[in-house]
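Quick one: this structure, given as structure tokens, is what I'll be asking you about.
Chains here go by letter, A, B, C, D and E, matching the order in which they are written, and residues are numbered from 1 within each.
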Amino acid sequence: MNEIPLTHILFLSTALFFTGMYGLFTRRNMITMLMSIELMLNSVNINFVSFNKYLYPDKLDGIFFTIFIITIAAAEAAVAIAIIINLYRSHQSIDVEDAGEMKY
Amino acid sequence: MSAYAIIFYLLSVFILVTGILAVSTRKIFRSAIFLLFSLIGIAGLFFWMQMEFIAAVQVVVYAGGIVVLIIFSIFLTQQSGKELQKPTRSRIFFSLLSVIAGFVLTYFLIQQYSFQPTSATATAVSVSNIGTQLLSTSEHGYILPFEVVSILLLASMIGCIVIAMKVES
Amino acid sequence: MPHYTYIALIPILPLAGFVLLGLFGRRYFSASSGIIGTAILSISCLLAFYTAYQYFFEGGNVNGHYQQIIAMKYTWLQFSSNVSVDMGILLDPISVMMIVIVPFISLMVHIFSLGYLKGEERFATYYAFLGLFTFSMIGLVLSANIFQLYIFWELVGISSYLLIGFYFDKPAAVAASKKAFIVTRFADLGFLVGILILSFHAETLDFQTLISRLTSQSPQFLNITAASFLGISALTWGLVLVFIGGAGKSAMFPLHIWLPDAMEGPTPVSALIHAATMVVAGVYLVARLFPVYALSDPGALKMVMYTGAFSALLAAVIACTQTDIKRVLAYSTMSQIGFMMFALGVSKYGGEEGLGYMASMFHLFTHAFFKSLLFLCAGAVIHLVHSNEIKNMGNLRKIMPITNICFLVGCLAISGLPPFSGFFSKEEILHAAFQADKFIFSIALLTSGLTAFYIFRLYFSIFYATTSSPEPLHPVSSNHGEGTLTMKIPLIILAICALLAGFVPFANYVTSDGDPLKTNLSIGFSIAPLLLAVTGILLAKWLYQKRNNGPEKIAASLGGLYKAAYKKFYMDEVYIFLTKKIIFNLVGRPAAWIDTNIVDGSVNLLASFTGAVSERIKTVQSGKVQQYALYFFAGIAGLTVLLIYVWKI
Amino acid sequence: MNDLLTLMKSELIVTIIIIFLLFTKVASKEWSNESLLNFINFLLLINLVAGFFFQKDGVLFNDMFRTDKLIVLEKNILNLGLLIISLLAHGWLKKHRHMPEFYILLLSTLLGMFFMISAGNLLMFYLGLELSTIPLAALVNFDLEKRQSSEAAMKLIISSAFSSGFLLLGISFIYGTTGSTQFNGIAQHLDGSPLQVFAFILLMAGFAFKISAVPFHLWTADVYEGAPVAITAYLSVISKGAFFFVLVSVLYSVFNPMSETWYRVVLILSVLTMLVGNLFAIRQNNLKRLLAFSSIAQAGFVLVGISGSSVAGTASVVYFILVYIFSNLGAFAVVAVISSQTGKENISDYKGLYAANPFLSCILAISLFSLAGIPPTAGFFGKFFLLIAGAGKGNYIFISIAALNMVLSLYYYLVVVKAVFMDSNESPIEKLTVPVFPKISMIICLSGIVVTGIAGWIYDYIYSLSQ
Amino acid sequence: MNLSLLILVPFLTAMAILFCRGSKQVRVVALSGASLQLLLSAVLLVDYCKERSSGNTAPMLFEYNQAWFSNLHINYHIGVDGISIAMILLTAFIVIAGILVSWSLESMSKEFYFLLIFLSLGAYGFFISLDLFTLFFFLEVAVIPKFLLIGIWGSGKKEYSAMKLALMLMGGSALVFVGLIGLYFSTNTGDGSHSFDLLQISQMNIPLETQRIFFPFVFIGFGIFGALFPFHTWVPDGHSSAPTAASMFLAGISMKLGGYGCLRVATYLMPDAAQEYSPVIIVLATIAIIYGAFATMMQKDLKYINAYSSVSHCGFVLLGIGMLTKTAFTGAVMQMVSHGLMTALFFAAIGMIYSRTHTRMVAQLGGLLKMMPFISTVFVLAGLCSLGLPGLSGFVAEVTVFMGSWQRPGALYRIATILSCASIVVTAVYILRAVGQTVMGPVTHNYFNGLADASWNEKMASLILVAGIVIIGVTPFWLYDLVAPATDLIIKKITSNGF
């Protein structure tokens, strides 16, 4: 596998990260925004794993970081969805543009 | 160029394409599916890096958990057939601008940096290793984070329940 | 040398009177306050006489030379190691002469006022003010220190302000008092700066040291003459500025405009302050510093001379045209002070040359008597007629014979007919002028002629000319016409003084250098002035003894000149223009405008600007979470670019 | 084992309370809301008191958890703040259905902060951060009926997830370039290369988001406005304070090699934060929102102190947080009482408050003066020491800007004071009876404001710990 | 004696006021507190003179030094010299007068007196503190009470004025603050640590560059308090909308904080910079004097007249300080004292007039001397003092400044002095205008005739202030001798650095 340079993998992860960011910027539906965030987190996972694999195989820091990130992503998603559902109850919509009462 | 490499490139193309589709398609249900594919692709990437455990976790938690959750919430909140409304032109423009700028900047910095691998001997990324370290208090033990995360999960669970519970009134 | 500290009582007693009457007079003894004031003053008057006696005939004269005596001296304010303000008492011929005059005239006025202001509700206040003035005036003449003199100078000014404005509900009086104070204040500015200059270079404020340093080749003298500004030596600047102060107080041209208006005050006050005492303070000041003027800086002295002479002439001319009795007297005062001034101006220091100095002082002495006499008589008249206008008077000699006589004495004295006191002093002055400067002499001669004319114009039109209004103006018993006894007594006393004061051998006592001076009055010299005076009198008699349209004719024939003189040569208008138009509109208003609109405006502008900015940037907080994310990322990108590429380590 | 008990005592106590609450919630029903609330407050008091005993330095779990006297003090400060908040929120909680859950979530966030403060490891730091954030999002939504509450929660969760994405990216790069997630390991391998600078900026952005420094602050105002008052107070004081503590230790110890870089970043952030915070605060009418922006501006001042990078810096920051807890919570206590009894939160509603409620008005005014940094309140000393610490670097333009911002900030505090004391109002807030618990909290804050400044030994104590 | 008493007494008074019931009690407590304070200051004066006459030549007496924030070398360090004592006496006089004047105030009297006493506490602390931190602390303590006093009890556009005053003064103190910190970091007490201690710093010599940078901060900062042109705009609005007692405090005490700071901190600690900047200071001061006087001439509201004349008079203080000669310094201090008393008296009189006639417009007033002779006399006296009548304090102070200024050679200084002297004429003009139209002249409104003269408390207040003015005016030497040694010390420091 060593003929694949680290930078290529990093290219992938970076691209994925900013794809996610693009989604977050453009999607008006909260759930899709959440998805975009998941993409961002995943790209970070790729970073950690590949760093661990390529550069510091002596310890498993990256691996564990990834594991915990995944866990926390799950928790975050859960709470976020709960909030979104609650918001849907009050606003009858999950469009971010509709949830902008408080401003200035 | 070995099959190994080809697989990598195929995977990455797959991940990127599905990811982009996930954030760009107008059908919310589809975008969820594309997200699923992209996540599975990432799991594949982990397999490719011989990180079976991580790959497994990825598949289980993301594919099995989060995406399902997302799809449920989509059903709860959205008539799935309906198309998502287009973002405004200016929004797209600024987003693209910042995304491209960010990507170029980041990748350029990565390019510049010369990563030095350590000479130290690798430890096997076996499930048993991970398991023992995850629960050991000794050197490289991750028991404390494990506990903290457990509390976090507990707390978020309670939070979800309180918030999402129907208000009987 | 005898013990002099009791002299301090002379000023302090009136001050005590002022405090006493000022604080408690109105409430507790408003009626008796006049008596109290008079009593107190008479004591200090007696003390003054005693002092004079002691000085002239026992203590002061050391083998024929009157030296200066520092009776007492307390340090009041120590500006620096060598410059300090001391409260002291300096006795020398002129100061002693003054402390004879001031309390005496003041006493006369006190007595006169007993009748004149009877029933006035602020009677006590009036006497308090009189006390204050007497205190300040005595303090002024006794000053041993130029700064002390300045202090009392200001006090005199304020008490004159208070007394002029005594009828505070008369707008005219208020305005007049304001004018008097401000004009003199302006002059005092010159005085103050003059003091600053002199004291800075002479490194002292004490008169004796100052004079000795500035008249000898002391280092201070050298550096004050060395230092110069606009090519004029600091010494000259100092002396001229000091003289400006004096000119202000003594109503010399062009600072005389306050004096006529000051006549709004009660007439006795005019007699005291604006005839006998305060207005001669300027002369006194110059006399005080005379050695410096005469020995070190004749240029400044020349200026004194010309100012005096011109003022004398101008005032005399104006006096001929005024119809307000008090104003005529005011202008005549100005003119007489002009005499004293140029007498000083023509004089030199010491010996025969010092004649002018002695003459000036002599005239000051005599003038005090006859001018206050004239004023008090005028007061009596006004008290009867309740008007200042000549045309409302006339033919009063029957109603008030005593006043008539006294007034006549005064007139003769002022127009310098022998054997009245004015004759002697004026002769000396003319003599001095003749020796020094023919031009000045001719002016003086002319002026004395005019003096005789206008004063008798006044006399005749008051006591002879029949009024247009049905006469007798006041069908009343003659003794009311004279007013009370308290009003008559001072007139008589003063008349006697005016008659006899001339026979005092003045030259033996008061001279520039303190040594007695031999004077010789040549009859031949006196002929010319006498003739002029007599002609003046006769002219006045012809014109004014019976009411006729002669005066109008002449006035018409003189035309513009008369009008100008009647309008006091438009001096007031000029001043009004200067103050109202120039100062107020071109300085005051802009200052106020700038303050509100520019200085303050900029502050408010800053505030509103901040508000505007915060209003403008509020859209950043759009309430849309995606935009927040955009800003978030923009922040990161910005920081990165800045830190990595622009602001590198 | 003994070590574990003494070193982690605060964490353990909090965990025990959490578990206890779980059981009361699940198992037993006989607790009445009221009594349970009192008992919880009692427990919190115990927690606070216990914090001052058995102070010991040391590390656990091979440097994932470390503690020393300063850290213990910081935890105690947070405990104190929590107690005050729980007191001032009493009125609101009594009526709330999910009161025990409220405390479970609140305490778990506190636990997260504890772990974060004593983290010796980026992983622990990240976990603590998330643990202190995710439940908070739920808490922000605790006014279940209010639209604004859920909107605020949404804004918080999405933007914090977004920011933690960047934070993680930064961490990953740090890991990639230094090969370690241990703080001391990182410190050895930092070389200030562009990628590391970038990574640091990403990390810093994560911090800036939490301490709501401009331009990462935009969530703050909306969330503060929408959240229940108690949670707003918690966000503005406790969580912010915790993150400042961490920021100080991270910058001073971990990123010491890149001190020049982070000094510049902090400088820029600080100036922006002060200016923008004040400029926004000027034109607010909602008092909670005004306090939100004021807390942003305050963050700017704290950054000034941090920029000093010295013992004085640490001490002044910790000291200021202590002072800030008293001052800000004092203000929030008044806001909480008034909004829970009348529902009014606008400055215009506060006009003529003094006439009927002198006590509340005085508390509010004094707290605001303390926030503005007016002597003799403690805020003055706090600001003064922050600026002295910042001036240690000798950048006086920076200090002057800060000083002028103090003037600017004074304006809007005075506007509130003006409304309370000077303006007249046709329908003023009628006489309110302040319940006992909020009153206690106000008294605590007041005494804190008065004492903390004048009593010099407090600062000296903190200073001695910071060495 | 123990100087802390000077802070303690007002503090306890304020506390006591908080626990009072009813405005009557409050008044009594406040008055007794103020009187006790006056007594204390008198005792202080006596003790001080004893000490000095017993040959104690220490720069500061009755020092007390107590570490406050030891790590930052911040001490609670207090002590007095002649200048401080003069200021303390002034404050004591004005406080008591202010309390007496506002005796009849009913609305929220407790808060009112509390704030008054609190404000005075700040002033006392400021004047006795020898540690820059303590000094700054008390400086700011005195700001907010003014804001509240004006905003709550004021008249006219009170909120605007109060806000303006608070913000401008805070801006001033912000500048001072930066200056002080800069000073702090440029000090070195041998062991590398810095110091806020005024006496210590006065022993060191701070490098000229540092002085150059921080002198303007400190001087302008304090100058804003002392109505330095062009930062004086808070003065007119603030004074005119403040309630009587507050105006008295503002003009009488608060503006003196500025002058004192300029002298004690800026000039004393940074002498070289003081020399460099002295032309600028003098120009500004002269502008303030002249321009203030002319601006006054145009005012129609009595309070505005006095406020602007305060700008003009405080110009003399700054002029004296800028001239850097011993006499001028002394004159500046005397002017502070004199102006404090005089303007307080003026405001008191205006307040009395306003409370009766309900107008402050010069044009509408007239002939007050008839029905209220006492108040009118007080008014006239204040006016005469302000136009520099000998025998009243104003004259002494001003001529001392003039004398001192003239000792500074150089055309600029001469011209500045002459211009300042000229201002006494303008002063006379506006004062006499005001006096002539309000007190003298015909009565403008009939209802004036029914108005009563001063009540006992007003009389007391006026008499206290008048006494101060006259005592200084008639026997200035004691004040001069009190102040001169202290100023001499400062001037020595300046000249020692080659002037």
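The rule we apply is simple: contacts are C-beta pairs under 8 Å (C-beta built on N, C-alpha and C of every residue); 3 or more make two chains touch, one makes a residue touch a chain.
All values reported here derive from a predicted model rather than from experimental measurement.
The chains that touch subunit B as well as subunit D are A, C.
The chains touching subunit B as well as subunit E are C, D. Distance from subunit D peaks, on a Cα-centroid basis, for C. When chain centres are taken as C-alpha averages, the shortest distance to the whole-protein C-alpha average belongs to E.
Pairwise, the chains sharing the most contacting C-beta pairs are A-B.
Annotation: 103 Å between the Cα-based centres of subunit B and subunit C. Centre-to-centre spacing of subunit C and subunit D amounts to 78 Å, using the average Cα coordinate of each chain. Subunit A and subunit D have CA centres that are 27 Å apart.
For this pair, subunit A with subunit E, the centres built from the Cα atoms lie 65 Å apart.
For subunit D, the set of residues that touch two or more other chains comprises 123, 127, 130, 134-135, 137-138, 141, 144, 153-155, 158, 162, 176, 179, 194, 198, 221-222. Looking at subunit A, one finds that residues 17, 20-21, 24-26, 28, 33-34, 55-56, 64, 68, 72, 75-76, 79, 82-84, 86, 89, 96, 99-103 touch two or more other chains.
Touching two or more other chains at once are residues 91, 94-95, 98, 102, 105-106, 109-110, 115, 118, 140, 142, 145, 149, 152, 156, 159-160, 163, 167 of subunit B. Pairwise, the chains that touch each other are A-B, A-C, A-D, B-C, B-D, C-D, C-E, D-E. Those residues of subunit C that touch subunit D in the complex are listed here as 610-611, 613-615, 617-618, 620-621, 623, 625, 627-629, 631-636, 639-640, 642-644, 647, 649. Listed in rising order, the residues of subunit C touching subunit E in the complex are 26, 75-80, 83, 147, 150-152, 154-155, 158, 165, 168-169, 171, 174-175, 177-178, 181-182, 185-186, 189, 192-193, 196-197, 199-200, 584, 587-589, 591-592, 594-595, 599-600, 603.
Subunit B meets subunit D in the complex at residues 105-106, 109-110, 112-113, 115, 118, 137-145, 148-149, 151-152, 154-156, 158-163, 167.
Of all the residues in subunit D, the ones that touch subunit A in their complex are 122-123, 126-127, 130, 134-135, 137-138, 141, 144, 146-148, 150-155, 157-158, 161-162, 164-165, 168-169, 171-173, 175-176, 179-181, 221-222, 225-226. The touching residues of subunit E, when paired with subunit D in their complex, are 67-72, 74, 133, 137-138, 140-141, 143-144, 147-148, 151-152, 158-159, 162-163, 166-167, 170-171, 174-175, 177-178, 181-182, 184-185, 213.
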